[in-house]
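These notes open a run of structures that come right after.
Look for chain A in each of the two complexes below; its partner is chain B in the first and chain C in the second.
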Partner chain A sequence: MKTLSDLQKDLLQETINISIGRAASTFNKMIQEHISMSVPDIRLINSSEALDLLRMDQNQEICYVEQRFEGSYFVSHAMLIFTENESLELVKLFLGSGDIIEEMSLLETEAMNEIGNIILNASIGSLANLLKDNISSTLPVCVKTQAKNIFGSKKIDSSDLLLLILIDFGIESKKITGYIVLVLELNSFDDFIDRLMQNLTR
Partner chain B sequence: MPETKLFPDIINKLLEGIVLLDCDKKIIFWNKWIEQASNIPVENAVGKSLFALFPDLEYTRIDTCIEQAIKYRQSSFISHTMNPIMLPLFHFKDGVEKTKIFHNLRITSLESPDSGFLVMIFITDETINVLKEQLLKKRALEEKILNEKLRKEIDERRQIEEKLKLNTLVLNNTKEGVVITNHESIIESVNPAFIQITGYTEKEAVGQHIRLLKSGKHPEEFYKSLWATINAAGHWKGEFINKKPDDSLIVVESTIDVIRNREGEIINYVSIFHDITQRKKQEEILELRSRTDSLTGLSNRRYFDEALDIQWQVCIRNHFFIGIMMIDVDFFKKYNDAYGHQSGDDCLVKISRVLQANVRRSNDIIARYGGEEFVIVLIQTSPENIREIAESIMRDVQSLKIRHSASDISEYVTISMGIASLTPTKDLSYTMLIEAADNALYLAKKSGRNRIKNILPGDPPGL
Partner chain C sequence: MASKKILLVDDSAVARMFIIRHLSAKHTEWEAVEASTATEAMEILKREKFNIATIDYNMPETNGLELIDQIHKLGYDLKIVMLTANIQTPIREMAEKKGVLFLEKPITDEVVEKIINYENVK
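Up next is the complex of A and B:
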């Protein structure tokens, strides 16, 4: 099984950190709240192991925004994941709690969609920058489901090797925590790393 | 090609706006939908940037997304819910702005065979959704408020009912009388103990004002202070004298509590009480018994000491003149021997009545001091007044004409009297005054009985 060297890991971590940091600062400006993001946890795993890394109950109702990014070196499913309640809290934060009721409506789902879009574009954007690659993306989709379905719907062959990048995302004052998950299906793991190394160490 | 001709026709029929930009962000095309919503014909838009066409507004977010589409081929979603400033699009009717169009933007890149990348912006009209949702939310909120209110009411009612069930059980079995009135003191309900204690049936009581029970034994001030306490503290505790239907009086120990609703308005008064009439009577009897002489009904010696102590202090404070009379029945032992104890007792009672008849002020004290010895304390008096009363007593006893054949000095019962009086000061004690009166009595006896010996202030002690 392939593994990441410490150097490769550091490299990726640093890269993702920069992009996530950019997303966070965009957010800060929008909601005037401090946003904390953990250092990315980067692992090479099988897709079946992915869910275990999210500290969520299988049956937890969740709301996530997903975009698919496609470049020459990888295909990525990027997701911003919250529990259903927390996503509602987050949307309230943006829209002002006003007249939002217990459940997310169409309009609130739209808001969630855009929030996810901003973060995910920022995250993948810098990776694309780094690889000097053109990465096309789909439009964001907001999905409400149970935690166990997050990875199941990706049509990822469970034997595929994934680069999972997990970031704890939190707004401390509101007790909202979520995850940014970047699942990279690597066409060729070695190509990907080589390209990254080339561009970083140049 | 037929396709190029067909293509604009189809997109012109779409119910969403489509804008195509080149890599320099210049408009290549926009469809009929936008022509109508912006009131700008496509030929006026082509070749210009969005920012040139709509100069008044900020497009940071839109611009960023267009840039991302051009640079990274990223797709973006921009919602009106998140962005207060969107494109100035309206539903026009006859060229007049009617209503603002709420819209979302989807910005994505498109590969073009001849000129590299294009940016495509889809604009979807969300106005109907917004209005629908506003309406639904309003309804949902109203319903939520209504439901909460209903639920609260149901909860409250259920709690009250449950409490009532328990309360009823307790109330029906307690010995405490319970009466609940409304805020205007009209009786709403009573329990069995109420009926038993007050003598009123439920039918007679319910619907009546609580004053039904009023005995008239309390002054108006009593009720004023009672209501003041209830209104201030929400609670009152004390004793009531109530009247029964047969006009007899009962004493009850009662608590009154205020029941308020959630708005703080008084809705009920609840009074819980028990009958203490018997206890009260018992107490009064005991109290009376403890301080009266059982034969004559005068104060006893113990009460006399207590009362004199109090009055002595009053006289010191107020510089009142005080007088003590010691009275002894002459040859009483002989009377007893001659007529028997029963007659002796009768004689003492008769003399007691004379004393009571002559000394009527409530602060004055008349007591049986010993076997045939009486003592009178006169407060706030004068030497003249004391003498007058003393002489009146002597006369009245004489006019009783109680036969006393064993007397050495008269055929009737006579008395001797010693009087001492002064205005007391702090350095004096009442025992001195009693001693002086005792001495005077001794002198009266010594000098032949049936007389008054009066020691006035300033007379030498031990006289």
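Up next is the complex of A and C:
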């Protein structure tokens, strides 16, 4: 299996740190709470291995928001993933308390879509700016399912090699943890790395 | 009583709600009208006048930049703010080239203040 060189891994880590740092800052503005984020876990894997990296029970009920991004250098499926209970807690934080609480269940999907839209666009938009590329995206889609189904709907061949970038993040004071997962289709990987090299090392 | 009008064009009901919540609490002189698509926004603009419109970029069918072009083409007299999660430099540059204010989501109190203060910018 193809592996990442140390330099490639370092380059990707730095790039993703910048992008996710932007997402964390945006997230902090949204909910006024400190956001902790892990160092990105970056791996070349088969899609069938991806689920093992999410430290979740396969039958765990989850809620995730997904967007597909496409530019000149990569196609990415980006996901923001929470357990179902934690997603509801997050929505409460996002919407705030007050007279709209009774509408919470009606607004949950709308709110998760907007949260995902803002965070995933901050991540990928920052990456696009580093690449000096213009990236188009689909509208966010919120899905409730079990953890084992996350990667099943991506229309990615299970034998395809993927660049998977996994960041777990949390709002410690509220005991909410989630994942940002960026799956980059590998057929454009070499061009992607070359472009990053050109723009980040000049 | 409301004396100023703002058109909120965003496919996210939550995004529209955040702006309305802030206006209801702090700026009751503003009346907000909502549109969830560009088509709906154009229908509303045909029959009502507004001081400001906020326009999202990523929307179904017609994106925010295309909607701005339509508004300019018909010569509607109002200030326009592009309010979006899409932070990409080319989108910002294209919006600014069209003479509109570009603001990034999330929608905080500070962002809403910038929107309504934009009404007075020459």
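Everything below uses one rule, namely that the second predicted complex is superposed on the first by the 193 of 202 C-alpha atoms of A that agree within 3 Å, B and C clash if a C-alpha of one lies under 4 Å from a C-alpha of the other, contacts with A are read in each partner's own complex, and residues count from 1 in each chain.
The criterion applied here is as follows: a residue touches a chain if its C-beta (ideal position, glycine included) is under 8 Å from a C-beta of that chain, and two chains touch if they have at least 3 such contacts.
Bear in mind the structure is a predicted one, so any value in this text is a computation, not a measurement.
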Fit or clash between chain C and chain B when superposed on chain A: clash
Partner chain(s) touched by A:L139 [first = chain B, second = chain C, both, neither]: both
Which of chain B and chain C A:E110 touches, first, second, both or neither: both
Touched partner set for A:E61, first chain B, second chain C, both or neither: neither
Touched partner set for A:A128, first chain B, second chain C, both or neither: both
Which superposed partner A:L95 touches (first chain B, second chain C, both, neither): both
Partner chain in contact with A:K29 - chain B first, chain C second, else both or neither: second
Clash with chain C (superposed arrangement) - responsible stretch of chain B out of 24-32, 258-266 or 420-428: 24-32
Chain A positions touched by chain B in one structure and by chain C in the second: 94-95, 107, 110-111, 113-114, 117, 121, 125, 128-129, 134-135, 137, 139
In the complex with chain C, residue positions of chain A that touch it: 22, 26, 29-30, 94-95, 100, 107, 110-111, 113-114, 117-118, 121-122, 125-126, 128-129, 132, 134-135, 137, 139
Chain A partner contacts - residues on chain C that touch it in the complex: 11-15, 17, 21, 58-60, 84-91, 104-106, 108
Residues of chain A touching chain B in the complex: 67, 69, 94-95, 99, 101, 105-108, 110-111, 113-115, 117, 121, 124-125, 128-129, 134-140
Residues of chain B that touch chain A when the two form their complex: 68, 72-83, 104, 106, 108-109, 126, 129-130, 133, 136-138, 140-141, 144
